[in-house]
Amino acid sequence: MPVAEETKGLSRVKELYQDRPQRVKELKGEGRKVIGYLCIYPVVEMMTALDLVPYRLFGDMREPITKADACLPPMVCPFLRSSLDLALKDKYPFLDGMVMAHICDVGERMAHIWRTYVDYPYFYFMDVPHTTHKSALDMFKEEIKGFQKSLESFTGKEISAEKLKQAIRVHNDQRALVRELYDLRKTDPPLITGTEVLQVMVALAGIPVGEGNELLRDVINEIKQREEKSPKQAARLLVWGSVIDDVSLIEIIENAGANVVMDDICVGTRSHWSEVELTPDPLDGIAYRYLVGIKCPRTFREAALDPKGKNYMADLENRFGYLKDYVRGWNVNGVILQSVRYCDTHGYEVPAVRDYLNSLGLPSVYLEHDYSQSSLAPLRTRIEAFLEVLG
Amino acid sequence: MVQEKKRAINRLQTMRPIRAEIDETYKANVEASKAGNPIAWAMLTIWLGDAIFHAMDIGATYPESYGAVCAASGAAQSYLDRSDEEGFPTHMCGYARNCIGYAARMMKDCGGEIPPEAPMGGMPKPAVLLSRGMSCDAGFKWFQALARYMDTPMWTLEMPIPGVKEGLSEEVRERNVAFMTKELRDFVSFMESVFGRKMDWDKLSQTVQDLEAIGRVWYETSELRKAIPCPMHSRDFWTCMSGPSTPTGDLKKKLKLYQDLYEEVKDRVENKVSAVVQEKYRVGFTELPPWHSLKLFDTLAERGWNFVVETWGYHPAVPIDLTGVNDPLERLARISYSGLTTSCFQGAAQAGEYMGFLGYPNLKYAEEYKLDGFFLHPLLSCRAASAHLWYVQDRLMQKLKVPSLMVEGDIVDVRMFDLADALKKAEAFEEIMDHYKEVRKKEGMEW
Amino acid sequence: MYFAGVDIGSTMTKVVIVDEDGELCSRIVGPTGAEHRRLANRVMEEALKQANLPFNQISYVVATGYGRVNVPFADRQITELSCHAKGVSSLFPNVRIAIDIGGQDAKGMKIINGTLVDFVMNDKCAAGTGRFLEVVSDALGIKVEDLGSISLRSTNKVKISSVCTIFAQQEVVSYLSEGTPLEDIVAGLHEAIAGRVVRMVKRLKIEPDVVLTGGVAKNIGVVKAVRENIGLEVLVPEDPLLSGALGAAILGKETVLKALAKGELIPKKERRLEEATFFT
Amino acid sequence: MAWFMGIDIGSATSKGVIAKDGDLVGHHVLPSGTNYKMAAGKLREELLSKASLSQEEIACTIATGRGANNVLFADQQVADIICCARGINNIFPSVRTVIDVQDQSSQVIRIGEEGRVVNFATSEKCAAGSGRFLQVIANVLRIDLKDIGPLSLKSENPVIFTTGCAVFGETEAVSRVAEGNSKEDILAGVHKALAEKICALAERLGLEEEYAITSGGGLDIGLIKAIEGKLGIQLLVPPYPQLVTALGAAIIAAEKCPPKEE
């Protein structure tokens, strides 16, 4: 096979997973503008509609945090500290701009710190309400409008409703393809491992949506034709919690003798599950998808009061009902709750989500780590013990 | 009358009735709930929701403030432990863990009654929970978590927090104020449906007026603290700070109490009376103090440390012109939006500061209050009050050559605070303050 | 038939051999430590000598503990949590909550009908593990074994406020320098560790019978403190160090008997005691 | 004629010096043990006999260190940060940044004219990044403390040592050995991890030359090289790194109280 031939499918995924920026660097060379963003609230459709390349920033749990220690305290989310650390170490020379959103306390603070110490031609901070009240949706729509305006003045181009709808369609295509890929995990054993899926998700976050869709199609075809299936395991697990952008943890889980068949994290279902509805005014659909559609504990949801007042179980159903579909659809028999240390939005959630899983009769275990490889190793025993509990 | 020995901190006499008044509200709430009147547990929303409770005759109690009470009285530890047992991660907000532990104890062990050991008479079982989407994630996640223990209706009040640059335009301001006003209106109808009472709009207008009056006096008082020597120590400020932001009790009476406070402080300024024996260092405090170890400030006062200003969240809102704004809800929205977040944005933008209300005010106070240094108190259990402090330390030094002392601790959990270590660092910090006083002089700064 | 359980903890290595009736034929305890860790086979050798058996007579070897992956001659590895649960419930059939305070971790196990159903574990912070007492007794200049009896003399235990073990050590020294009676300090230490562990275990909803194992369980002072913190009777096995290895041996036995019941034969394999190699 | 005494009671060792016009006339180091008061007393005896002086001839004594309040015979207590600054300034007047690696904590101190403290940063609320970490590892590996440095320098590829916690450093060291890593690589790994923590402190303060290292850390060539490598700087090492703070105390004693009248 000639060396020159470009790699496709999973091998391409592995390339992109190993060296995330390689593609945007090329595109940058071709004169495209690259906009970095953190977390999943910045509206990627807007960037796509302006031919900008959205590039999602992650941390690096293999790289010790040093520079960021000078401007972020040790008692905040190590994932965010790591992300800033990489920026301070000038790992993103190819960025033309940066978009951050009010994702959580530290995310909000860090946006301003980032902006102070690392300068880009373009920077936008997007406020995101915490409630899903009607008034919050209206306000958020206006906020997105503001983001659109700022992007337009940065590029000197206008986003026509048609262009925006186009962008929405391609991104929805990607969401549909991701769900198609996830369907391949429903079989027992799953056709694709959790580790591979995560690599795909990470790869997607670093390339233009169109290329991502091509890549997904290749991967899906490859997987469908797979001869050797991943080993059949007793445990079919769902992994819940804060961001996972490195395969280490999933590898530990799968090496311990389990299949990771579903996830509820923001490099997975949270970032791809819900679509943007094509509303007459596209912004309505976008606002709704990002505020209500994305299921992250940073947003407050509560069941409507019934005549007797408030009902905890109804509340749990309203907050976590989507997990039931995951569990049933993917035939999950155990859940691993994991979070980086100092993540408040996930921390407060843990007892409630366990209450809900118990109501479904699903065993779960909660693991906390400080987003460094060394902090993952000790989790092995807990994971193995959990699998022994599952029997 | 308690005859107390001469302390290094010269406390204000007019502070005591205010403290009594604030303590009184705890008892009042307990009695009210015994009498069958609903009591709300509310996060501090800096006026937003509080006025509405008051106008609807619903007593409000503040688990954040109560966290400080439990910490000061030593009762907190058992509630923190209880929260651990309930499965909440230990790195979470000390106030929240204290409250969650308290709720678990009240609902699971005491059948909904106030736990016997609860300090200050305790917080009665709430009829409604008001949380907030501003200033910290705990602000709503914590009350949401309470649903495990009580089927109490809950509302979350939203507060937009734009970036400095993004938030400058009038368009954004008006949009956000309109949003907040709408939020408040929805909250009122929520309350009306939960309690089956109608809002008394006249009373609300009156309440808001009274609050504005108290707020103005409170603001004027804090302006007086710019005097050298500073007449009012942070200890007194902390004792009184919840009054103006929480409209409990008789507001007319409250107004009088704060006017008396103003008069005493003003009198001290005229007679150059200092809040500490001898003001050697003027220090600002950021963010929340170690409620369990307040003796720290007495020891520092003996060394000539005067604490003269505190951070944004507690700093009285700058009064704004509201002529022509008749809707009391809109008035609340404007005061809160300006006071809590954006009033400093103009200055921040000019100074090229992106850390709007959390960063820039420290620079501003350093200049206005002629600070020798800042005491930064990062909380091991609170991201919201800590994430920006390293940055603040850097900006203060870069821009104003004002040094800051960083002492880690916690608002509630005494195990995380090392008094001896703090004092050791403070001693060394005095040399640093002396040094930068010289540096500022060399660079032609005025203090 | 004989079955061996090898429990390689962070500080102690334990081996237990049982026969098919579950009768104890051999029990060996040796220190782990940087070098000893490689010598699981030596300890095994001693165990065989004690039971006076050739290695080939051992039908099944289960390795557990944090060094379990480094036992080359093991047929299977099972986590210490399952093994402790099994071992403890073989000694106390009615156990519902087992607490094991090991050298470098502390575990709480919820057990129903002899099987593990839920657990909590601390291996993040040395405070609340056996190490805590070792490190601090160091500072006191007394043997860990003596801590228990000393603490019983305490009339007014001190409050240890440090969260970090190393700092607790310092706190202890300052107490000593202030002339605080030794027994009150030691009692304070026991309270500190018991408090931490019990707080964690309470997440499992504690109900009787409660059993305490691990080296620390030999310390009467800690047992007392744990009892006070739980408010329930706390049972301690005669040899609290062995429950992990015992459980491992029993789990091995069950595996084999299950297989035999299914009519599967356990292939007699040539057993050799090779040194662990760690370069795989 | 007046002599001044500086007593530094640290968590592991107690150090004392007698100085005259800023010159060391006598010094002594002993383990703090479990009774700081006794350690202080013993220290004074040793110092006096070494310098063959009587207590009356000591014009002033300053105590510092964690156990300072146990030095009953001291005229005053001064924070170790200040003492360390004065001490190093007396030895290397050109030094502007001191990296002080003690048994249980590390601190970086920026110094101005006359050894005034200009800024400082200390390690967090646990023994991470402190000398204790090294001791623990040395115990695990059964190595004498003084051999740590030279051994570590032999390392070809240091193990990645990410946990800073002293007690868990031990666990990690144990498993590293088990994995077959050499003592050299493990020690180098610890040094690397320690250096990272300390350098983070230093970077927070901002660096200003020249640099020196004091306290126990100054005795560990492995750590010194690791820090130098990471920050790209040269560290000056005083003849008795662990005595600098005590010396500073003695110098402050001279500043504070002029010679007693005969």
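Think of it as A, B, C and D in the order they're written, each chain with its own count starting at 1.
Convention: contacts are C-beta pairs under 8 Å (C-beta built on N, C-alpha and C of every residue); 3 or more make two chains touch, one makes a residue touch a chain.
Every value quoted in this text rests on a predicted model; they were computed, and no experiment measured them.
S.K.: Could you tell me the least number of steps, going only between chains that touch, from subunit B to subunit C?
M.R.: So the least number of steps between the two chains is 1.
S.K.: Report which of A-B and A-D is connected by more C-beta pairs in contact.
M.R.: Between the two chain pairs, A-B has more contacting C-beta pairs.
S.K.: Among the chains, which is located farthest from subunit B on the basis of C-alpha centroids?
M.R.: Result for max centroid distance from subunit B is chain C.
S.K.: How many angstrom lie between the CA centroids of subunit A and subunit B, rounded to a whole number?
M.R.: Chain centroid spacing, subunit A to subunit B, equals 35 Å.
S.K.: Would you mind pulling out the distance in Å between where the CA atoms of subunit A average out and where those of subunit D do?
M.R.: Computed value for the inter-centroid distance: 46 Å.
S.K.: Express in whole angstrom the distance between the two chain centres, defined as the mean CA positions of subunit C and subunit D.
M.R.: Using C-alpha averages as centres, the distance is 38 Å.
S.K.: At least two partner chains per residue is the criterion; list those residues in subunit D.
M.R.: 124-125, 204
S.K.: Could you pull out the residues of subunit C that touch at least 2 other chains?
M.R.: 124, 163, in rising order.
S.K.: Touching two or more other chains, which residues of subunit B qualify?
M.R.: 86-87, 380, 390, 408, 416
S.K.: Name the shape of the chain contact graph, picking from line, ring, star, complete and other.
M.R.: complete
S.K.: In the complex formed with subunit D, which residues of subunit B make contact?
M.R.: The touching residues are 380, 390, 397, 403, 406, 408, 416, 418, 424-425, 427-428, 431-432, 434-436.
S.K.: Once bound in the complex, which stretches of subunit B touch subunit A?
M.R.: Checking each residue of subunit B against subunit A gives 86-89, 91-93, 96, 131, 133, 136-138, 140-142, 144-145, 147-148, 151-154, 156, 158, 160-166, 172, 175-176, 179, 182-183, 186, 193-194, 353-356, 358-359, 378-381, 383-384, 386-391, 394, 408.
S.K.: Inside the complex, what are the residues of subunit B that reach subunit C?
M.R.: Listed in rising order, the residues of subunit B that touch subunit C are 81, 84-87, 414-416.
S.K.: Which subunit C residues qualify as touching subunit B in the complex?
M.R.: My answer: residues 161-163, 195, 199-200, 202-203.
S.K.: Quick one: in the complex, what on subunit D touches subunit B?
M.R.: Residues of subunit D touching subunit B: 78-82, 112, 116-122, 124-125, 204.
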